[in-house]
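The structure that follows is given in the form of structure tokens.
By letter and in written order, the chains are A, B, C and D; residue numbering begins at 1 in each of them.
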Amino acid sequence: MLKDKLNYPEILKQIEQDIQNDFGKGKLADYIPALANINPNQFAIHITTTLGEEYSVGNVDTLFSIQSISKVYTFTLALKQLNDDIWQRVGKEPSGNRFNSLVQLEYENGIPRNPFINAGAIVISDIIFDGLGKTKNKVLQFVRGLSPNQTISFDEEVADSEREFGHRNRAMANLMKSFGNLKNDTNDVLDVYFHQCSIQMTVKDLSRSLIYLANGGKSLSNQEIINYRQAKRINALMLTCGLYDAVGDFAYRVGLPAKSGVGGGIVAIIPNKLVISVWSPELNQAGNSYIGTKALELFTTYASNSIF
Amino acid sequence: MLKDKLNYPEILKQIEQDIQNDFGKGKLADYIPALANINPNQFAIHITTTLGEEYSVGNVDTLFSIQSISKVYTFTLALKQLNDDIWQRVGKEPSGNRFNSLVQLEYENGIPRNPFINAGAIVISDIIFDGLGKTKNKVLQFVRGLSPNQTISFDEEVADSEREFGHRNRAMANLMKSFGNLKNDTNDVLDVYFHQCSIQMTVKDLSRSLIYLANGGKSLSNQEIINYRQAKRINALMLTCGLYDAVGDFAYRVGLPAKSGVGGGIVAIIPNKLVISVWSPELNQAGNSYIGTKALELFTTYASNSIF
Amino acid sequence: MLKDKLNYPEILKQIEQDIQNDFGKGKLADYIPALANINPNQFAIHITTTLGEEYSVGNVDTLFSIQSISKVYTFTLALKQLNDDIWQRVGKEPSGNRFNSLVQLEYENGIPRNPFINAGAIVISDIIFDGLGKTKNKVLQFVRGLSPNQTISFDEEVADSEREFGHRNRAMANLMKSFGNLKNDTNDVLDVYFHQCSIQMTVKDLSRSLIYLANGGKSLSNQEIINYRQAKRINALMLTCGLYDAVGDFAYRVGLPAKSGVGGGIVAIIPNKLVISVWSPELNQAGNSYIGTKALELFTTYASNSIF
Amino acid sequence: MLKDKLNYPEILKQIEQDIQNDFGKGKLADYIPALANINPNQFAIHITTTLGEEYSVGNVDTLFSIQSISKVYTFTLALKQLNDDIWQRVGKEPSGNRFNSLVQLEYENGIPRNPFINAGAIVISDIIFDGLGKTKNKVLQFVRGLSPNQTISFDEEVADSEREFGHRNRAMANLMKSFGNLKNDTNDVLDVYFHQCSIQMTVKDLSRSLIYLANGGKSLSNQEIINYRQAKRINALMLTCGLYDAVGDFAYRVGLPAKSGVGGGIVAIIPNKLVISVWSPELNQAGNSYIGTKALELFTTYASNSIF
């Protein structure tokens, strides 16, 4: 029995061993060429604690496409801007459906179920568009400042692909527009959305930039990004809505607030302790990193660290 | 008891009397200003028989926006082009739902239920786009030739409104594109679709142009527009799918193949006998002309002429 | 080209030849053993005209389970009882869905889409239960009187099977009860429903019993079963709702008001002319007789007799 | 600012003051008379810590109907019996819909979304029926032993009402039976289900009986009810699925694993610390206790004790 004996470096090393036979069990995202052609045999974990300690293993310096994880950054910006008024534009309940379904959107009059499904994130882009003006770059600046790492950038090839194959997102944007829940021009809003999805960074950038969610709203340099209550609430929202249609399964197996992206990244929060980011590009059926999910499950088991 | 006694002119006169108290009971279409500002107190009927006789009453020379009735013309063009291969792109079953619902479209992988709902008509526009090239004007030429009336034209103000407020149609087009059921650029296809909806004509133009549906596929000048079998089948399709979500009610009350538009027009077919077109802009809850539906119900009662 | 040359006996003989290679292309109903074990290689057609002439071919004297065709008899009884008040309890629109779906029932507050889907027929059973008292036998007496054939009876083995495997029908009955749209005890109502489905008769009984639908509401002996208007309306309802989720396809191919059952029977009406009943137990994917549908399509082609 | 200053007795007293103006803002459950006639002006909180300390305020000794909270007990029994094999019969994802919807059940072939919606709990009753035989009393014995309180009993009047007005639950049971996901007779299974809903107890009984969820699976007397991992997982499931369609809102406002019932009870878990039970019969729109939810929100605020 490993539990209670290992420190973080030992745990990460152990996890790296445990997952070696799992390459090839998932499938690369294939809806855009830019993601379909990635080398699947990659894996990285990075931990940043609220005390500033850092631990990592694997391809720590490789850039990957954060995709839906970007929804955490834009939601943070929108929450700062509107606080609880944000809930007039988007819900906070799990979707109970495939992550990009139009059905629920139609039944619920253009109000997306939550900010972490595509439709919800598009509304969030529309909201911050109002508050920040030329948003695309404002989002990037926000992410760069949080990390802090001024080299974080869009992958324009991915952004182009998202636009070229983004018919379903365009369908949702137009449907919400028809219900009056999009204020700006759909093409302008989608340009922000497609770009935020294309942000590329490392697991290190990811853990560092989101440490405020584990740290009562404050960055490592003690700057208040959001307040204590807002941080707690984003964590709650990540737990109930952050993993597409595998929210329950992930809570059951891992037991941490988290947000995943189809680029193979997952970031998870242990409140008051740490942020742990994993990346491995092959996905399970729910669209979450196959190895990433397993690695986090092993982590909460070895570290006895789930919130439950 | 009027039945069996009246000839067509007498019947039309009687109907005109019967509906006088029904103005104000329906509601103008209000989704675009161009339709919302029409004088509601208008009414016209025109009959063209397969023998070339014509009968009319009311505002026979007033132009109105045919809207969804245009779907009969474009479907005819597509059927000529693809014959039964058309059913790989669109279904032929009643929708059982609001006429512009995305739900069914999503559950059925981007294949619209039938060619007479908006999504289906957009696919049809895409199909004829392939066959006819610069389609918008080809559709107009087809309609002009059928009538025959070279002055029939688009109402560009209506077409502009359709485009400006067409977010839901744009949502459907993009959703179908995401399923691979739209070959051409969505904006190009929608430009055809929005224009066909804006065609304006009189009840006389309408009856004359569609006489081939009552006449085994042939025009009054004996030109074969489509073959006998195709005409019979378009009639069947109109009966099961031509009246949005009031197909059953209309068959029950009127009992004729028909197609309606939110501009207040309805065209109905008595196979081997005649085409009857009615127009009155106020709509019932299902989006069909209130007075138009009633007028047709009175007509089949007075003339004992339903197909059942 | 056969058309215009053949009389009814010749047409029936021709159809019998044409369908010989189609045995084995459909599938027996398998939801209850009593239907799954039938000899599939059977086929019969019977025509009764409004003039009293009769024509037939195939296994004319074989009893088969009429199943959903019984919904025409019970709907006739309910329409006599309530006339247009019936529409407060059930709709008259095509279902646009699998024939036994609960989804639409839930969205529409326990009001079934039409009387010819299972849920609708269960409501109809509830209605006639109110009017006729001990209904099960009253339904049988009605059918016997129409044919007229006093030997028509329930197949108790089938009725037992229906009850034993009728969980989905029981689910629908309870759902409607929860919405207040079932007045009597669900078990009592379902007992009527399961029995009406089990009625067995021949194609001859079937054509004769429903001649009133082709004859303006009157039986061959000139007795008024329902009035002219009601007969016309049942025909309209059969055309838009009588073939499960293949209403549009059937109208397109055959072009007649009809009602089918999973026992392999289909009855079709040519208003003012005749009733034609076909039976062959193998079903197509929509749950309608494979050979029966083809036979009717051939009939309207050979006889040039569709209503369109 | 109260935070960090108050001990549990002070916090409970403060909450009792804070909620005094909230009586009358919710609505009693009205689907059965037995619940509709309760005195609405009642309120109680009880805390049991893993150290055995107890704190309470309000109507601590009043019995109330635990309703859906009973789903935690039966799920615990089923998990003991089948462990992870249980997930072949029921899902573990939030429902994203009204708590008793049949739609999702139909789309997902009779597999309920999770064990805490009605359909899921009925499957659970079916499962423990297999394992425990005469289940109704076995469930009661389990609850009595956990509390421990041998006077805990069914409220037969409530159980009768549940059965009398349980058409929708009966619809779901039959639908699942039709999909083969119910092994035993539906009436037998529903008898267990209706009885477990009718169990009546006090907030004290409730906190004490479920202390194993805060205590790594062990009762206060250190008996292992379930193992550490199972306890952690039930908590995860309560957080993602325990509050009907207000899961996200509750996580956002309160931030604790919890289960509610339409009798006005809510039990919440702070892992490794305590169980807190609240009761107040008026419900909010989501069907959860209005004052109960507010009281728990105040508690996690005053005690800084959410899991996020």
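To be clear about the criterion, contacts are C-beta pairs under 8 Å (C-beta built on N, C-alpha and C of every residue); 3 or more make two chains touch, one makes a residue touch a chain.
Just so we're clear, the structure is a prediction, and the values are computed from it rather than from any experiment.
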Notebook entry, point to check: Both subunit B and subunit D are touched by which chains?
Noted result: A, C
Note to self: From the C-alpha centres, identify the chain that is farthest from subunit B.
What the structure shows: D
Next item on the list: Would you kindly tell me how far, in whole Å, the mean C-alpha position of subunit B lies from that of subunit A?
Entry: 48
Checklist line | Centroid spacing, where centroids are CA-atom means, of subunit A and subunit C in whole angstrom | finding: 55
Item checked: Whole-Å gap between the CA centroids of subunit B and subunit C -> 32
Checklist line | In subunit D, residues with contacts to at least two other chains | finding: none
Item checked: All chain pairs that touch each other -> A-B, A-D, B-C, C-D
Item checked: Contact set on subunit C toward subunit B in their complex -> 91-97, 104, 113-114, 232-233, 235-237, 239-241, 245-249, 251-252, 255, 257, 271, 306-308
Notebook entry, point to check: Any idea which subunit C residues touch subunit D in the complex?
Noted result: 101-103, 106-107, 167-168, 170-175, 177-178, 186
